[in-house]
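One chain, chain A, appears in both complexes that follow, with chain B as partner in the first and chain C in the second.
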Partner chain A sequence: MLDVKNLSLSFRMYDGAFRRRDLKVIANLNVSVREGEILAVAGSSGSGKSLLAHAILGVLPKNAILEGEMLWFGKPLDAALQKKLRGHQLALVPQSVTYLDPLMRVGRQISKEKETVKELFGRYHLQDEVARRFPHELSGGMTRRILISAALAGEPKVVIADEPTPGLSPHLAEHAMKHFREIADSGSAVLLITHDIDLAVRFADRIAVFYAGTTVETANASDFADESLLRHPYSRALWRAMPQNGFSPTDGTQPYAGSLPAGCLYAPRCAMRTPECVSAPPEPRDIRGGEVSCLYAT
Partner chain B sequence: MLLEAKNLVFGYERGKNTLDGVSLAIEAGERVALVGPSGCGKSTLARILAGQLRPASGAATLDGKPLPLRGFCPVQLIYQHPEKAINPRWKLGKTLTEAWSPGDEFLSELGIEKAWLGRYPAELSGGELQRFCIARALAPQTRFIIADEISTMLDVITQAQIWELLLRVADERGLGLLAITHSRALAERVCARVAEFGDLR
Partner chain C sequence: MSKLKPIAVYIARGITLLLAVSICSFILASASPINPETRYRLSHPGVSDEKVAQMRDYWGIDEPPVQRYLGWLGGILRGDWGKSTSYRQPVLDVIGVRFKTSLALMLTAWTLSGLFGFGIGSLMAVFRGRPLDRIVKRVCLFMCSIPTFWIGLVFLAVFAAMLGWFPFGLAVPAGVPPEQVTLGQRIHHLILPALTLSFLSFSNLALHTREKLIDVYDSDFALFARARGESDTKILFRHGIRNALIPAITMQFGSFAELFGGSVFAENIFSYPGLGAAVSVAGTGATDIPLFLGIVMFSACFIFAGNLIANILTNLIDPRTKEAAR
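And now, the complex of A and B:
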């Protein structure tokens, strides 16, 4: 339905008046989301997950340079097509709660049709009077539900949900996920950007693991049941850092855009690192029904 | 040291109280997790405990005395959304040194890169911004930390790193901690006591 192949994204920056440099933030990114599926995108903060969403929607800032291919049902997803689909067949649930207009009552921001607003509010257990409130009068959890309702008002084919659940109680987060599941089961596709691996494991079909602007592994959601089923050392490190699996942090931080290593981006923190890892980036390979970019994945 | 909320009553609208007789006590060195449904008033309680909101009745006290109205408050609140807790027009170096000047070693332990100090908030990710909010709150005069969903926007490795650091500083300095979270697993991992919001009457 939606394929992203070998995507690279740079920002053109200026040091002083004349020196120009391109800051690469996404490199060799591969993601495809199929009909009827929830694909979760998990990974480190600042690994380019939201930028991917903004690239697909065509709402990147002007100094962004995109390379690679994006396909919508096999057709190139260019600016004209993005403009046509955006808000209707292609919808975004944004990450930041600052995406709402602070000067507009929230009901109007979801839809001009009062009936639609009423129906969506009913679905998300929001009282009708909430529609008359301004964004600053809402709790964090209410704002999340408003953002989800606003995206679903247009009955989209592909929903990109950028961290839709933080701040929601487990009950409401589950409720929102069940709706994404329903949307997927009715034949649409959901690209779910999330940190909440627990929720992803329970509701998504596949999980793509991002690190420093690239995909290191795409696994079946069920592979996250146990560390040994995962393929990439970074996916395993994520697993071990979960509160219920040891809460043990791996040292270091992901490399900063602009000072990326030449070889595997995870090599500086990897315990399995060898000289080959540092010389060239590993090619993606298929292993045990998943895709992984690591020379030593098993 | 004892941070105490007694019979707090607070409402944003007339006739509708968000907090209705809420009481809670945290001792120095104690770690308490607070859980409860969305919109029940957890963040409101956090803001009153940090002296940022005045209750309609009842009181939040530190060792029996009201929280200071001016100057540095020894109860520091770290917010859920760092992008809303940082001045968007200040470079991050200025935000970081608002209350105190953290040393280089402290910054590198928190994973704050030197280059970020010259940047504006819009140029960093939410997880990166949250590290600034945490560093800013951990001034030497701080006695209690209220962490309102501080790691929900972070990946699990960064979450574990940040909690490891926060808990270590809290242990070294004997700080009290109130952690508001929706994650049971996290609450049980970082706190000795888990309080249900509904039971705080």
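And now, the complex of A and C:
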């Protein structure tokens, strides 16, 4: 229902008065969300996950330049359509408390309808009194629940949840994920942004692995049961870094936005690197029911 | 309880400041080449030395400066601010009457600049980056650098001399007994000086409000509001005004110094008989030291009061400071 094809995003920056340079933060990104599923987008900090969410909603800063294609039920998702969908069919669960107006009581920020607020509060075990508080008077976990409530006050077709669980107790996190599951099962779809692979594996149907502003692989959640089921060297490295799989880290760091290499973004850290990898970015290919951008994926 | 603490600290600091002002202005006034004796000799040529000695005694000229200062300060605290030499009335009475006249002017100008400043600032923010914003911003920046007396002269030339819409000056029509002056006439006389005075701070406030609102538009919570389908206009009314009002109010109450300073120019240009006009009477020509010192102390208190109100209001309105102090 929502397809993102070959998306690139740069920020137009000015050094001094006239020197202009474009800072590329997302490059050749592909992701598609299907009806009834939870698609996790997993990647480390600064890989452009939040920006992807903002790009889909059309709420990027003015100096952002977007290339590529976004489709909503096959129709181009342009500014006019985004405007129409926002707040109704497209919903965002924002990442942090800064997304709440510091001077407005949180109840009013969730919904104008008292009934809706009451229902969502009941669902997330929040006392009615909390509605009259200001954002700075909330604990981390309360904030998280308020942010989720504020996004789900309507009946969205696609929910984009940007790191919805940090700060929640395991019990409440489960609760929230079950809510997302319900939403997906009712025929909508959830794009779950997270850096927590474990969470993604437990609750999502498919996982898009994000690296330095691009998707290197989209795998079924079940593929994370074993390293050999994964397709991309970075996904495998992620798998090995999971606590239950030995916690072994990979050398090097993700390239910084603005200094992205020309070819495969993972090449500098990849053990399988060949000269071809460095010359041009690999095209996504379908392998074993998943999608992977690597010349040597099997 | 602890909410009052910052305010108490602020008041204590203010009192220290007022004391410093009183000392400085007293030293300056004492250092002035014109003292009551020279003045007396100038206005009464051929006066006897005996009479002068009496004068010296009356004014306490031969006392040590510290004692003189303490005597004067004690008087200020007791409400005896001395007698104005040019008006031949107690200083406090002169200030009281004049301030009432000035207050009408300053309050009007202050309200006008507050409303226009906030309104125009909001307009610029909504149209940020577009031609309307760029033009209005230039105009505001330009207006910030125009001196009050110049604006006053232009207004006087255009609206009073050329168009004849407003009187040339004074607070009431000349030659009409005070009890027969209508409110309409008073307002008619007030408009030009008030506009002159409000021109001073409205562009400042407009630019300030524009910045604050653009910060709001660039904020995460505006992004979330947009993500929930709110338009720019809706964001202005739901989030913008709420977030820009506190800094605007703080700035408006903090502008009492400019307001008072501007009123000196505005009142002199329009011969408006307020406190600002009395400043020049006391400071030039007549050199009315008691009145001059009185006005200095009074205006210092006035400015301090403005800042204090700004402080208290910020503490009261902003829920973040309220809760932090609870």
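Throughout what follows, the second predicted complex is superposed on the first by the 298 of 298 C-alpha atoms of A that agree within 3 Å, B and C clash if a C-alpha of one lies under 4 Å from a C-alpha of the other, contacts with A are read in each partner's own complex, and residues count from 1 in each chain.
The rule we apply is simple: a contact is a pair of C-beta atoms (placed from the backbone, for glycine too) under 8 Å apart; a residue touches a chain by one contact, two chains touch by 3 or more.
Note that this is a predicted model, so its numbers are computed, not measured.
Now for A:S186: first (chain B), second (chain C), both, or neither, which partner does it touch?
So A:S186 meets neither chain B nor chain C here.
Counting only touches as set out at the top, which of chain B and chain C does A:M104 meet: first, second, both, neither?
After superposing on A, A:M104 lies in contact with chain C but is clear of chain B.
In the overlay, answer first, second, both or neither for which of chain B and chain C A:L92 touches.
Touch partner of A:L92: chain C, not chain B.
Contacts for A:T298 in the overlay, against chain B (first) and chain C (second): which applies, first, second, both or neither?
In the superposed model, A:T298 contacts neither chain B nor chain C.
Could you say whether A:G43 touches chain B, chain C, both of them, or neither, answering first, second, both or neither?
A:G43: touches chain B, not chain C.
Going by the contact rule stated at the top, is it chain B or chain C that touches a larger number of residues on chain A?
For chain A, the partner with the higher number of touched residues is B.
Who does A:S228 touch here: chain B (first), chain C (second), both, or neither?
neither
Considering only touches as defined above, state whether A:G140 meets chain B (first), chain C (second), both or neither.
Only chain B is touched by A:G140; chain C is not.
I'd like to know which partner A:I197 touches here: chain B for first, chain C for second, both or neither.
So A:I197 only meets chain B here.
Per the definitions at the top, what is the overlap between the chain A residues touching chain B and those touching chain C?
96, 98, 137
Which residues of chain A touch chain C in the complex?
Residues in contact with chain C: 54, 57, 59, 61-62, 83, 86-88, 91-92, 94, 96, 98-104, 134, 136-137, 150-151.
Any idea which chain C residues touch chain A in the complex?
Going by the criterion above, the answer is residues 129, 218-221, 223-230, 238-239, 242-243, 246, 318-320, 323.
Which residues of chain A touch chain B in their complex?
Chain A residues touching chain B: 42-47, 50, 95-98, 137, 139-142, 144, 163, 166-173, 195, 197-198, 237-238, 241-244, 247-250, 253, 256.
In the complex of these two chains, what residues of chain B are touching chain A?
Touch residues, chain B against chain A: 12, 36-39, 43, 80-81, 83-84, 111, 113, 115, 124-128, 149, 152-161, 163-164, 182-186, 188-189.
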